[in-house]
Each structure stands twice: as C-alpha cells, then as structure tokens.
Amino acid sequence: MIKALVTGFEPWGREKYNPTEDVAKVLNGKTVYGVKIYGYVLPVSFRKVMSLVPKLIDEVRPQIVVHTGLAPGASSIRIERVAVNLMDAKVKDNDGFKPRDETINPEGPAAYFSTLPTRKIFERMRKSKIPSVLSYTAGTFVCNCTFYTSLDYISRNGLNTIAGFIHVPCVPQQVVGKPETPSMDLKLILRAVKTAIGVSKQYLKRY
Amino acid sequence: MIKALVTGFEPWGREKYNPTEDVAKVLNGKTVYGVKIYGYVLPVSFRKVMSLVPKLIDEVRPQIVVHTGLAPGASSIRIERVAVNLMDAKVKDNDGFKPRDETINPEGPAAYFSTLPTRKIFERMRKSKIPSVLSYTAGTFVCNCTFYTSLDYISRNGLNTIAGFIHVPCVPQQVVGKPETPSMDLKLILRAVKTAIGVSKQYLKRY
Amino acid sequence: MIKALVTGFEPWGREKYNPTEDVAKVLNGKTVYGVKIYGYVLPVSFRKVMSLVPKLIDEVRPQIVVHTGLAPGASSIRIERVAVNLMDAKVKDNDGFKPRDETINPEGPAAYFSTLPTRKIFERMRKSKIPSVLSYTAGTFVCNCTFYTSLDYISRNGLNTIAGFIHVPCVPQQVVGKPETPSMDLKLILRAVKTAIGVSKQYLKRY
Amino acid sequence: MIKALVTGFEPWGREKYNPTEDVAKVLNGKTVYGVKIYGYVLPVSFRKVMSLVPKLIDEVRPQIVVHTGLAPGASSIRIERVAVNLMDAKVKDNDGFKPRDETINPEGPAAYFSTLPTRKIFERMRKSKIPSVLSYTAGTFVCNCTFYTSLDYISRNGLNTIAGFIHVPCVPQQVVGKPETPSMDLKLILRAVKTAIGVSKQYLKRY
C-alpha cells in the first residue's frame, strides 16, 4: 500500500493554535484515496526538524511526503514550488534559535523544486473549488527548512519519494479580533491536503 | 411571535453568485432563537429596493430587520453601523442605473445609525469565535441604499422596528482563481446572521 | 483675502512622527492659490479638539477649513465625505481617554457631509496625477471627532465656512521596517492639500 | 573604473509606463559613488532577454549588474535574493509568448542566489530611510528570467561579476484611479538603485 507522511507543526510564537497540528493528527492513521497516512506533528525548531525529518522518512518509508505549515495572512492554500537553502528568522523559533542568513546544508544546492505534481494539484483544487495558488517562496523560517531538508535528504539518498510543502491560512477562530486577516475552515484545509495526496498518488501511478 | 425580515441580494455585475441570496433562502421560514424568519432576495437595483423595502416592512411587520449583502474582499463579517444618504455607483446596478452623488431621500438626514444592538452583536460574535468587525461605511451602492431606505422608512413612520445591515465575505468557491481574495464558509456566514438575530431579540426583550 | 484654516496633528501612540504636523507647519503663513493659510497643529485628544476647533474657527474666521490627519495603511489621499457623531477608540488618545460608543454631541445629528467640494477636489487631484479616493469613513477616533466638531460648530452657528477632512498616507521614512505599509512623499501630500484649498476657493467664488 | 550595467524594462501589458525604463535612462552615462553606469532598457520578452542579457554583459564587461523591474502592488523596494529556473506566465509577454512551467536553462540548477550583497544593501537602505525588504521570489515572468539568465551566464563563464535584481513599486502617477495600489516617488526609487550600486562597489573593494 502506498504510504504518505503528512507533517504539521505545533503552535509557535504568540499563536496558541496551529491548524496544521490538527491536519497531521486528524489524518494520522486514515486511508485517503487508497493512501495510508502517517501523520506527525513537528516542533517549530530549525535544528530539530533537520534531524527529525530524515528520521521520519527512514522510519515511515513513504512514497509521498506532504509537509504542511501555517501562513498567517494567506487567503488561499499555497502550494509551494521552491525550497531555498537559507535560514533567516525575524523571530526566534521555539528553541530560541534565530539564524541570520545561514545555509541549511552548506554543501546543498541553492534550491530544490517540489517533486510533488504541483501543477496537477493546483488544477485539481481549482476543479474542486478549493481556493489555491502556486507559490514560489515558502519563506526562510522553519517551514522552508523542513521543505528543503526533506528534498535534500531524498535527493542525496536517491530515494523514490516525492515531497512538497503546502501552506494553509488561519482558521476562523484564530482571526477573531484581527478583522483584516483572512481564514479558511479546517474542513476545507483538510480537503485540500487530501486532494494533494490523491493527485500525488495518481502521479506516482503513471510512472 | 417575534418576526425578522432577512434580506439578501441576487448576484450583480460579473459575479454569478451571491451568498446572501442563499442566506435569505436558507433562513426563510426557519425559526431562529425563537424568531420567525421571513427571507427575501432583493434585486441589485437602487430604484427597486427603494420601493420594495418599505413594502416588505409593511407586509411582514417585523420587529427586526437584518439586511445582508456581499462585500468582496472582506475577511470578516462586517456589522454596519452607519447608512448614508448618498448614492454613488462606480458600476451600473442590474437595471443599468449608475447614480453619481445623488441623495436617496432629498428630505432625509445625512445618515442614520443602525438601530440593531451592533456592539452586543459584535461581542457575541467574538465570544462565538466568528470573525467580525464593526464597520462605519456600507459603501454608496445598493447595499447602503437598502440600509438607508429601511431606517428612513422606519423612522418616518415611527415604527417599533430595529434594522441594520451585515456585509459578508465571498464564499470559498467564489474566490477560486483569485488567490488574494479572502473567503468564509456559508455555514459560518449563516451562523453569524443567526447570531445577529438572536442578540437582536434579546435586546428587544429588555425594552 | 480668503483665509483657510489648515490643521494637522501631533504624533500619537507609538508613532513618533505625524506628517500632518508638517503639513500645518509648512503651510502656515503661506499664500496658496490666493488663499492665506493659517496652519495649526492639534493635540490627539478628543476633549481638547472639541474645545480648540471652535476657538480656532472663531479666531481665524476662515472661509475654508481643511483638517488633515494620518491614515496609516492608506496608499492614497483620502478625501473624507462623512463625519459621524461617534467616538469609539481602540487605543487611548494622548490624554489617556478611550471612549466607547459615545456621541460627540448628544444633540447633534448622526452625521454631517463634508461641505468642501469633495467631488471637484477628487477630480482635480486625478487630473493632477495625485493618487486619491473619496472616502466614506474617517474612523471614530480623534480625526473624525475633529471633523464632526468643526461641521457641527459651523452648522449650529450658521457660519459661511466650508469644512472638510483629508487623510494622508505615511511618509516613506515612517514605513522603513514595515515593508507592506504604503507611503507617499511629503511633497506630494503638500501638493494634495494645496489642491484641495485651490479647488475649495474656486467653489467659493462660484457662489 | 568600476562599471555597472543597470537594466530596466519597457512597459508591458496594459501598463503604459514603466518607471524602470526611466531608471535605466536617467542613470545611463552617470557616475554614481565612483561607478560608471551603463543603462539599458530591456524588452519584456522572455526570448529576447535570454539572448540580450549575455550580449550586454559581454559588451559592457561590468563588475556589477543591477537589473530592475516593476512590481505592481509593492509598497517597498524589493531586493530579490533568489532567481528560479522557471518560466510561467499568466499573461503574454510583449512578443506574445506565454510559457507554462518551462525551464529557462534545461541544464541549469533550480535556482541561483543573488550575488549582490543583498543584506548589506538592505541595511544601508534602512539607514538611509528607504522602505525596502529582502524578497525571496522575483516571480516567474520576464523579470525572474532576466535575473536567472544573468546569474547563469556569469556562473557558466566564470566571470568576476556580481549580479542581482531589484523590484520597485509603481510611481504615484501610475496609480491614479487605483486607490489601493501603493506607490513610490521616482526620486526615491533612483536613490534606492544608487544605494544598491554604492554598497555593491564597497563589497567589491573588500575582495
């Protein structure tokens, strides 16, 4: 059976809730479009994700990896296409680490493209009436670090795994008191992540 | 039994869907917090709402009037507080009318404040985790005209009816292909309108 | 000679600079389009502007009053059209006063329209390539209070003075470190205020 | 004498003006911080920039390359850090070409980092009170293609040239009628580009 590793994050900074924590927890153990999901909640720590993500890939041995993270201010699902070899934090991570212009892997390339079928995922989401966009920056914080680490590990080890990152908006209860901040229902976010997994599986099949 | 007139609008301009049409249709005939709802879909026409709204108030004889309209670009429920005596359209209404700096009622005051308990509605929405904001402009298009006409008619006729306007965001399926436009689930929009009705009823009771 | 009272505000809250302070100071004593300018910097205090603005109008006896204030986040000059009879502050004013849903004048109407020729000012700004917009809410803080107080005083005393409010964006040096906040050069802001005065004078002439 | 190639773009699509055309024209022939500027206006054409940019570098033999382009909607100067090996256009370029998910150089890496001292430029701009931000995506249109082509050509030919890209906001006269679109004075934009050249020269000196 095809396996997908789906990660989310714990809350960070001032935010007390991270909907991607629920994404990982809710999908964990579920079978989606014939794909068995292994959900995992990552700490918001540069150093920890750099060691944890390779371990998780080794343990789960998934064909598909979908990392998810919160993008406060986003209106739509952001299907990330580019992971850059850079850590640059404006605020401390949950371990108090605040890198400035550091590389993730000094021997790695400047960037990796997502190996998920991002265009196909985008088109399926459009057909399914899920607001989404192809994005070319996942930032330079722990989200991007997770994304880059995953692709770098898979590439260096010649694994037959495809991996990518999806940023999601806040959920409505998070933006109460912030009337200019957009939100999206957790149900719709879950539908988006499931769609990404389903399309990724189809893509695997064709090869 | 307490009666509430709840209006929504048909689609206008390039938009093919208006969630407030569904608000009026879904709530029509329902009883919400002990209030009987009379739902009605208004045309997006300055002239028609000016004649229709007074007729509806006369027919239904509601204690509460909640007009709803679509605010493309809004992230939150906008509880309108001020209706101004002005029609100024950047695009034609559905009757092809495009007024420029005209008064709604040449003998009316510059503005009316909403007579719904807007602060209480806002506070209840916050407690209920519904993203909302108190707004001080309902624009100068048909939404504001409906809002002003309603308050002006009630005031001139000394009716014992409270009235107000609620602007709602687009729903997700409307913003597919517009990744920067926020949206809100119809379920949450409906919950917001019901909350406004429930709080309005409580307010009536206290007097 | 025609006289114009032009007010700006001192800085408030966390902001250390308010470009409208410079607007009032730079224009003070100047003659613009044949109009003698009396510039005055107002405190960001509900109570003080309510007593000061009538005094200034009595002293200067201007034919034209142009109040200016800072609208952080605005991209364009905002020509305000509506002053509402409401004080509602999310933060304290510089006197520590934070009103919640209070009227400015319990005996005043819900709102006044600006008596400046706002449409003409807007059109002239467009021709002069000054980014501007007609706005229907000046908020519910000290800016709106100044605007309402001015129109209310003029109206109650039957003065032959026209008055209005113009909100301006931040200047570039204010938004360093806030990359998403728009700005506008002080020179262009000054050109906008002068344009408002020039058009207002023409309007006076025609009557 | 140190030479800098500074490029801007001609207008594209519906826009009738591109401030970066003026950036290239105004700076052409000038000496800025001891750097001789060679200004050049590029066509908004994927294919033409791919052949023109290498030719310009060969002809001018600059130590510094600063490409500039317009980012409608930007509030600040965007100092681009990442050029990606991707062409994906939502609208046709001025040659009618509208690539979908094509690589710029099928043999090139996924991305290059800017070789300008972007952090130092950002810090100097902050000190000089120029609103700016480090940006991690230059999009996937002709701007990014120019940026990637330049870095790819320099890298493949082992040139001793540093190169980068700066996105600039619209100028005020462009946003008249678009009140929500931010702008920046051409003077300030020119000051920003000169600052980038000055800091780049200092950086060269240290090696």
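Labels A, B, C and D are assigned to the chains in the order they are written; within every chain, residues are numbered from 1.
Quick note on the criterion: a residue touches a chain if its C-beta (ideal position, glycine included) is under 8 Å from a C-beta of that chain, and two chains touch if they have at least 3 such contacts.
What you see is a predicted model, and the numbers here were worked out from it, not measured in a lab.
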So which chains count as neighbours of both subunit B and subunit C?
none
Separation of mean Cα positions, subunit D and subunit C [Å, integer]:
39
Per the centroid of Cα atoms for each chain, what is the distance between subunit A and subunit D, given in Å?
30
With chain centres defined as C-alpha means, what is the inter-centre distance between subunit B and subunit D in Å?
48
Which positions in subunit C are in touch with at least two other chains?
none
Given which chains touch which, is the overall layout a line, a ring, a star, complete, or other?
ring
Okay, in this complex, where on subunit A does subunit D touch?
81-82, 84, 86, 88, 101, 109-113, 119, 134-137, 139-140
Touching residues of subunit D toward subunit C in the complex: what are they?
75-76, 125-126, 129-133, 172-173, 175-185, 187-188
